[in-house]
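Next come two complexes, and both contain subunit A; in the first it sits with subunit B, in the second with subunit C.
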Partner chain A sequence: MKYTPTIGIECHVQLSTKTKLFSEVDNDARGKEPNSCVSPVDYALPGMLPRLNGEAIKYAIRAGRAMNCEINAFSRFDRKHYFYPDSPKGYQITQFYQPIIGPGFVELPSGTKIRIEHAHLEGDAGKLTHFSNYSLVDLNRVDTPLIEIVSMPDIHSPKDAHDYCKELWRLMCYAEVTYGDLFNGNMRFDVNISLAPEGAKELGTRAEIKNLNSFRSVERAAEYEIKRQTRILNAGEKVVQETRGWNDATGETTGQRSKEEAKDYRYMPEPDLPPINLSQEFIDAESAKLPMMPNDYRKKFEGTLKPDILEILLDYPSLMKKLDQLATREDASEGLSEVTTENEGASPVTTGASDPSPRKPSSRVSLIANLFTSVLLAEEKSAEYLNDLPSTNDLKDLAEMNEKKELSSTATKEVFLKLFDPQMKGRGTKTIAKELGLVQENDLGALEKIVDTVLAKPETQKAQADYKAGEQKVIGFLVGQVMKASRGKANPSAVQEILRKKLA
Partner chain B sequence: MEIKCEDVKHLADLSNFSLPDKEIVALQNDLQDIIKYISQLDELDTKNVEPTYQVFEMENVWREDEILPQEADREALLALTKEEKDHQIKVPKVL
Partner chain C sequence: MKTANKTVSAERLVKDALEKAKFFEDYHIFTSLNEEGALKKAREIDAKIKKGEKVGRLAGVPYAMKDNFLSPEGETTAAAHILEGFTAPVTATAIKKLEAEGAIMIGRTNMDAFAHGSSTENSYFGPTSNAFDKKRVAGGSSGGSAVAVALDIVEFATGTDTGGSIRQPASFNGVYGFKPTFGTISRYGVVAMASSTDCIGFFTKAPEDMDLLMSIASGQDPKDLTTLPDYYNIAEADAESDDSRHASSRPSSRGSSLTRSPLVAKCLESSNSCARIGVIKDFDNESVDPEIRQALKKKCDALEKKGHKVVELSMPNLKYALAAYYIIVPAEIASNLSRYDGIRYGFRSNESTDLTALYSNTRSEGFMPENKRRIMIGNFVLSSGFYDAYFLKAAKARTLIIKEYEKAFSKCDFILTPVSPNLAFKIGEKVNDPVSMYLEDVMSVPLNLAGIPGLTIPVGKAKSGLPIGLQLIGPRRSDKSLLEFAKETECSTAA
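So, the complex of A and B:
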């Protein structure tokens, strides 16, 4: 029988606020000693009171708006009780009844819309490390602010599950609410999956795969579950509702002990935290701070960049910002070059005036974008490089020099990489290109002189005669001779043009 | 609402308490009395009354996102735990 899979995803996003959700303690425990970012509040010592971090509320508003969600003016906190050593309080402070983020949707690159049921603020738990006969508890992560995002069961394929998680990750990174470091668990996904006979109205029994931390593992786990559940249903058996763990090495999910399954969290209102009641002005002011989102960039660069290149680049928010600046500067420089001349009379005007061809809007953006995908991302150090991008001006100069044919395409790539080189960067594109001797000779007068010397040489006489006799190919030999004489700095296409004219 | 022996065991399980049988019966009676006492409130008609979550009627109490030095340092806090190892709290193995 054919089955339709239905997938819902819960995603926990760690917020990158300076302090924790309920205490004035450093929230960034990366590379820090265990239990060094903790306070008596995190230890839940008697008499300690949580104090809500106002910044986390603002982050939640931005995160919500990034997912086209309504922001609930009124929200409050609840206690979710459970007994486990990762939580000294014996409960988690969460928003069970009245979450801050209401319904919305996330649009996948394919255009499919996945509805968001709601999202809420809560505190993270500590970290446990298990050894043979004991476990160690590190409370650094206790009450790191989290947003838990709950999707509607709108996902029907492992690919869409993957794309949804990836788009969520992008949205949260662009909204600047998280470091987005998946490897270190900044975003974790719980995937609910069930199968129902095709066309059936009711959903089947679901299994939940907890704590996945990569898009790929979400996709693979969903693929595995669909196969496993199909096998069970085809055999006439029933899928057990349970939590399953994912093993990345074996590529399988396994049932976890169901003893703890009987969930009874005894939710109750959190008496230590007064409710949140936001004014529309407050919500609007924070919403307005949301920077450009992936879809804004998709629209902006629609005609400029190929969709597959754009989707690669979208994984790097700082890069997109840079391309946007480049595009904006380009638009602006059309009209501004005149003004610049008047205002900065003393400094030489480098933009516009001497362009050999009229500027094609966005051609520079697409050149730089292509350099990023084809050259930079192939570099071993690309991750490091992406953390510290060259200035917009350096990139603009590079595109301009390429456009004016002052740099060949090979030279453009070489200079581009040097812009990231710790030894070279900051010196400016033009200086670097000159120092490396990569600037092509475009001065037609100078080129003509070189061509004349070459044509006067005895060793080129035969080639000249052959060319005139109709042997077009030998032009290559002559161009080569001129290039040699110019020590590689001549622009080959300009040289060829001059040669053809002279030998016509 | 009747409190059964199983309810007490369940609560003990959730809180990870070990409970001798004789205490279960005593707790069962105590809890039953408490529930009965509180149940008097059921006589009130609260249909048109907003639920109370907070008795102080405060709202929007939050703080700036600034790291403050803590009086109790790691060693002081770890000293409160029963057992520590490598600056972490050592507990019986849990999975």
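So, the complex of A and C:
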């Protein structure tokens, strides 16, 4: 029998707020000692009461708007009880009954829309490390603000599950609400999956695969589950509703030790926190701060960049911002050369004479985009590179020098890479190109002189004779000789032109 | 309030208090004394006085602190085994405010563990005796604090009131006990019992002292988001500006004298527009001790003689209060006590070989039977499938009770009722009968559900010599007028 898989995904996003959701301690525990970012509130001393981080509310509004969601003017918190050492209070403060983010949708690159049921704010749990006969508790992560995004069961293939998670990750990164570091668990996915006979109205029994932290594992786990559940159904057996774990090494899901009793979280309204009441003005003001989203970039660069290249580059929000600045700067340089402002450290915004661009701005963007794609993304440490991008001016200069043939395509790539070099940074594209001796000689008079010297050399005489005898391809050898004499600075196509004239 | 000055040193006041505390040792009033710390603070204040520096409004005044307030001075036990060895690294907001004015804590007072109880018998340290009869209970849960004030060890003591825990022991020991409007004093740093009904308050021997303490301890606290915007002292300022004609003839509002609110001023100035006092006829029945009923009647007569009007109220929905209370409060208790798991601080049972055993052994050994009873009730009413039937229904009953009070306060300014149906009972008499113990709270819990203020006023003694107290109740945020009215009636109707 043919089965249709139905997938719903819950995603936890750690918000990158300055302080925790319910206390004033540092929320960024990266690289810090265990239990060093913990307040008496997080530690759940007696008599401690949660405070509410207003920044997290703003982040939630942006995150919600990034998913086209309604923002609920009224929301409140509830307690979800369970005993485990990662939960010092013995309950998690979450929004069970009235969440802050209402229904919305996420549009995949393919155009498929996945509806969002709701999303809510809650505090994260601590971390346990188990040893043979003891466990260590680290509470740094306790009450890091999370939003849990709950999708509708609108996903029907592992590929779409993958794309949904990836798009969600992009949306959250572009909305600037998370560091988006998947490896360190900034986003975690729980995948609910069930199979039903094709055309059936009722959904089948689902299994939940918890705590996946990569798009690839979401896709693979979904593929595995479809196979596993198909096998069960084909054998006439029943799928058990359970929580399953994913083993990335074996590529299998396994039923997690079933708890003897069903979990009962004994939800109750949080009496220590008054409800959140947001005015429409506040919601609107915060929504207006939402930066450009992936779909905005898709529209903006449609026709300028190839869709496949665009999809690669979209994984790097800082890069897209840079390309956008480049495009904006070029649009502006038509008239007022320096209307855009930028705070990029060492590189001062020069107010040099505006040189009319012979090419359309989009070609510069596409040149830089291609450089990023081909050069940078092939590098091992691409993510590190992207932490500190070259200034927009440097990139603009690079594109211009390439346009004017002052840099060959090889030299353009070389200078491009140097722009990331901490030692070169801030010295400007032109200086770097000159220092490296990569600027091409375009002065025809000067080139002619070099050509003449080369043609006078005895070792080129045979080639000259061969060329005149009709052997066209030796021109390459002669160009090479000139290039060598110019120490690589000559523009090869100009050299070739001069040579052809002289030998005609 | 007797503050330290150049003739009476803070050290003298503290030493006297400590001496008295030791003299009454066999009443089991304190869980620990703060001798060293208190004397050190007293000497600091004396040095300031000597130098002529400014000292606070409570300079050198010794006080007793219920043992559920956090402060680095001594162990905070909440009279529970499970907090054994716990010293708080932070100080409760209320305590900070009192100490900023120079008050000196001489000891932590006994209570029912985690404030669960109405007799101070549920303490890990054993029961506290009544100030008037050692064989009888102090009332609870703030029993130690009430007795410390009643026996003149200190002039004031802190307490917490979740369902009557200040008012009932105040009544049993013949002192004033005040539970303010919910959210008037910050709960930050006070071991939580039930978040939505817990109130911080005080025991004193005079309503003036209560007013002074309220003006110091009240106010919005960013560390407790359920605190109300400041109103207690602001109302005072407003009253002054509203009535500026009399400002010059009035004593200073700072210090121990009271300013008159417009209401009270009106009462005193014109005998035909006096306060309307409501009495609840639903509470006037055989279950209430006849001597208490008589005391209420006598007080009403006296008030009427003074020109106040007594209004009879019917408040049938109050009969649901106790049932609603014993659903909502245990639910919050069960939740708030979840943090005591033996992992991070306090007592941990060391016999355990795995996590589940660690939890169950620690909590089984660390909690008192009454704690466990409430945890079980709380978890039961919150469990899936029962939430709607119990918790949600109780929340609805709570709304009805709030509305019933609103209606009542449209007919009267204050309500006067007994505090509890009985006089102080014998130690051991009810401790094994939870329901009759819970019935102790039948007249005090409705206020906590509604979040309104209530003051225990001592009105005399029964034939047995045991004190009788009545409860003066006002609408939300009427705390200031309520204390003023109490002060006026104390002068005018004293038996």
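Everything that follows uses one rule, which is that the second predicted complex is superposed on the first by the 437 of 504 C-alpha atoms of A that agree within 3 Å, B and C clash if a C-alpha of one lies under 4 Å from a C-alpha of the other, contacts with A are read in each partner's own complex, and residues count from 1 in each chain.
Throughout what follows, contacts are C-beta pairs under 8 Å (C-beta built on N, C-alpha and C of every residue); 3 or more make two chains touch, one makes a residue touch a chain.
Here the structure is a predicted model, which means the values were calculated and not measured.
Student: Is A:Leu136 touching the first partner subunit B, the second partner subunit C, both, or neither of them?
Tutor: Only subunit B; A:Leu136 stays clear of subunit C.
Student: Of the two partner chains, subunit B (first) and subunit C (second), which one does A:His81 touch, if any: first, second, both, or neither?
Tutor: Both: A:His81 reaches subunit B and subunit C.
Student: With the two complexes superposed on chain A, say which partner A:Pro271 touches: subunit B (first), subunit C (second), both, or neither.
Tutor: It touches subunit B and subunit C both.
Student: Applying the document's definition of touch, where does A:Lys89 land relative to subunit B and subunit C: first, second, both, or neither?
Tutor: A:Lys89 sits against subunit C, while subunit B stays out of touch.
Student: Is A:Gly47 in contact with subunit B, with subunit C, with both, or with neither (first, second, both, neither)?
Tutor: In the superposed model, A:Gly47 contacts subunit C only, not subunit B.
Student: Residues of subunit A touched: more by subunit B or subunit C?
Tutor: B
Student: Which residues would you name on subunit A as touching subunit B in one complex and subunit C in the other?
Tutor: 40, 43, 45, 51-52, 81, 83-85, 90, 137, 264, 266, 271, 273-274
Student: Which of the residues in subunit A end up touching subunit B in this complex?
Tutor: For subunit A paired with subunit B, touching residues are 17-19, 24-26, 33-36, 38-40, 43, 45, 51-57, 76, 81-85, 90, 128-139, 264, 266, 269, 271, 273-278.
Student: Using the touch rule from the top, collect the residues of subunit C that touch subunit A in their complex.
Tutor: 68-70, 76, 78, 83, 86, 88-90, 92, 187-192, 194-196, 222-226, 331-332, 334-335, 337-341, 343-345, 355, 359, 379, 382-384, 387, 391
Student: Which residues of subunit B touch subunit A in the complex?
Tutor: 10, 14-16, 53-54, 56, 58-68, 70, 72, 74, 77-78, 80, 85-95
Student: What residues of subunit A sit close enough to touch subunit C in their complex?
Tutor: Within the complex, subunit A touches subunit C at residues 40, 43-52, 79, 81, 83-85, 88-91, 137, 264-268, 271-274.
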